[in-house]
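What follows is a group of structures, each given as structure tokens.
Here come two complexes built around chain A, the first alongside chain B, the second alongside chain C.
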Partner chain A sequence: MERTALRRRLSWQVATVTDIRPETATARTLVLDVPDWAGHLAGQHLDVRLTAPDGYRASRSYSVSSDWRGDTIELTVEVVPDGEVSPYLVDVVKVGDQFEVRGPVGGWFVWKPEQEGPVQLIGGGSGIAPLMAMLRAHATSGSTTPVRLIYSVRRPASVIFVGDLKELAASEHVDVRLVYTREAPAGEPRVGRIDADVIGQYAFTPVDAPTSYVCGPTPFVETVADLLVEAGHDPARVRTERFGPTGG
Partner chain B sequence: MGIVSEGFGGRRRSRADLPPGQYLTQDFPVLSAGPTPHIRTEHWEFVVTSESGERYRWDWAGLMGLPAEEITKDIHCVTRWSKLETSWKGVSLDTLLADVETAADFAMAHSYGGYTTNLPMEDLLDGQAWIAYEYDGEPVDPEHGGPARLLVPHLYFWKSAKWVRGLVLSDSEDLGFWETAGYHEYGDPWKEQRYAGD
Partner chain C sequence: MKSEASDATHLDGNAAAGALSALFAVDITSAIARCSGCGQTGVFADTRLYVDAPGLVARCAGCDGVLMRVVTTPTDTYVDLRGLTYLKVPNE
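And then the complex of A and B:
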């Protein structure tokens, strides 16, 4: 195994916040300039390290929500109540501030444009972030691979990337379906979690042999992955990424 | 000290008895790469394959017939949570490997669902590793690796393969699932060996 060639050591790099985009009341996207960023695959994450004035440090992992475009990367962060790093990133950090990042990490929950077969994306809440990187990589590469996104949110105001999703859904190759669990917009009668009916109605079928990417809080991911397997999807083609209850 | 964030205070949940960069949790978070396999104990088996190709097999009744141990250990996940004094019941790998003829230096743990993780043999022996089937006095939940998981608590918890079904012993070190995906080949939490090259 050519481990030496592939296993490059990751070092901490300085990231500078160049722009901030509010997404929802509790989430925002940080645009970062990271000189000499080595590039990433859609779906990978990185570690953020914050250092307090007295030297105390804390690190957490965040998915990159942008596709690879040189030294600019975007993180989309939602506040975890009682979290340690996310409240700083969402409520405190401002344009011009710097912190450290290390990555990219993770070679499994990724989509590559040259990959065969349709792509089924299913996200819950801020679990949309790595899926958005995949949608953007799909658009940037001009891929004609069919992609379907099922995105579970509490209410219309909880939709992250609302503008981007509208643009992406204009593509004939991309289908975007929102599922509202608490409160739906006018004209959308269904309120409830993703269930077998939603999977049956909106997801690719097992015959389509999609690769599925499921990201969200653990109970969401457990439920959706089970639904896909029960619907007949090959478990080996269902990739999951979970946000634990103690993340943050 | 690197870049200082003036407005960052932190919650200071790290403690001297935790490995560097870890924080304490009371929950038991779940981390896995795919759907949870549901394996019935009547279909369960555990197979050790030595470097010469010899197979040693246990079914569920065979595992239950072996002397079990109560294990209380701290566990550390590479995603930074640690949980102290977790209680397990299981069979020591010293017991399972006692009659296995091998001089192998490495093992690859294989799981139902296709997961793999690599470990040095010396980390599996001498009271350091178990096949655990009870957690906190109850059968291990499927989402936490039941009916039986590997338990190697001195390494990051991804080494404690959930839904374990066997070990393949080898003279050479191959890389498992997360190790191939950029994680450290050994994973010592006290040395903070999270990613390749750490």
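And then the complex of A and C:
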């Protein structure tokens, strides 16, 4: 009977915004209180559903960017111009507002602290969100698993979680590399997308047998996944999660 | 994983997790799926998911054939699994 209860169909529940943190000019983190949240694994996501006064509904998936510590959850959302959901979450929602969520969902793009082997994280833009949940779970659990993050951003001002990343990079077990595609900070000569050289220089090698997690816009994910496979990584150990432009 | 013929309007099977969790007791996105068209077999999360169609349409990353459609009306949800030979899920 208990198992039946646990395996009930997942349904919508009300989330309340308890805090908001700006991340960049176009992204912010919403801290949510969800009373019946069952806890989540790092990398899982949820669906957000908004209902207009006329009954029109729109839903989108967002990664949880926090690790589960038994209280609130955090969503980090970047605005998609002309989107139906993200402009509301980034520009309109205020503390105390409520909307519906359904989750946690997704059992594939997840990292568990007990998982064996090094972890290669590669994110593009707001694709950093589920990777940040993994980095936070890694720190919270005191894991000594080696983790490398390659994070592709347009320019320095586009870096989400800039403070958190500086702290995490201080860990001897975590390596953080930023790749700038449009404009780099002073002292960083390279401007350009992730390519075979970046993978060769900063990523774990196939001999290290990492599990790779690649998240970002669809073209980014497909390019990076192909680069990893071309570099000799086992496709079965390259996990991918795509978002946009049909998001928003 | 293959980038041929990708037009970037698709997401992937991960994005269907919410809709599928409302229907199934186990996580279908981490299940192994076999395409009835070309026989490609892999994790459902790696399928191409189109969310701009009416409902959700999952297509095979190998042959682009339709694997699954999920369409919700105000009263019911239709699940069309015609493109899948099987879904393999662990017993526990």
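We adopt the following convention: the second predicted complex is superposed on the first by the 239 of 248 C-alpha atoms of A that agree within 3 Å, B and C clash if a C-alpha of one lies under 4 Å from a C-alpha of the other, contacts with A are read in each partner's own complex, and residues count from 1 in each chain.
Just so it is clear, a residue touches a chain if its C-beta (ideal position, glycine included) is under 8 Å from a C-beta of that chain, and two chains touch if they have at least 3 such contacts.
Predicted, not measured: the structure shown is a model, and the values here were computed from it.
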Legend entry - Simultaneous placement of chain C and chain B on chain A, clash or fit: clash
Legend entry - Broader residue contact with chain A after superposition on the shared chain, chain B or chain C: B
Inset, instruction - State whether A:Val14 touches chain B only (first), chain C only (second), both chains, or neither. - result: first
Inset, instruction - Please indicate which partner A:Gly107 is in contact with in the superposed arrangement: first for chain B, second for chain C, both, or neither. - result: both
Inset, instruction - Would you sort A:Val93 into first (chain B), second (chain C), both or neither based on which partner it touches? - result: first
Inset, instruction - Considering only the touch criterion stated at the top, classify A:Pro53 as touching first (chain B), second (chain C), both, or neither. - result: first
Inset, instruction - Based on the superposed arrangement, let me know which partner A:Glu84 touches: chain B (first), chain C (second), both, or neither? - result: first
Inset, instruction - Please work out whether A:Thr223 is in contact with chain B alone, chain C alone, both, or neither, and reply first, second, both or neither. - result: second
Inset, instruction - Please indicate which partner A:His45 is in contact with in the superposed arrangement: first for chain B, second for chain C, both, or neither. - result: second
Legend entry - Segment of chain B that clashes with chain C, given the candidates 62-70, 80-88 or 98-106: 80-88
Legend entry - Intersection of chain A interface sets (partners chain B, chain C): 7, 9-10, 59, 61, 102, 105-109, 218, 222, 225-226, 229, 235, 238-240, 242, 244-247
Legend entry - List of chain C residues in touch with chain A within their complex: 1-3, 6, 8-15, 17-23, 25, 27, 29-30, 43-46, 50-52
Legend entry - Of chain B, residues touching chain A in the complex: 1-14, 21, 23, 25, 27, 29-37, 79-81, 113-114, 143, 174-175, 177-178, 180-183, 185, 195-198
Inset, instruction - Sort out for me which residues of chain A touch chain C in the complex. - result: 7, 9-11, 45-47, 59, 61, 102-103, 105-109, 217-219, 221-223, 225-226, 229, 235, 238-247
Inset, instruction - Under the touch definition given earlier, write down the residues of chain A that touch chain B in their complex. - result: 1, 3, 6-10, 12, 14, 49-53, 55-61, 82, 84, 88, 92-93, 97-100, 102, 105-109, 218, 222, 225-226, 228-229, 235-236, 238-240, 242, 244-247
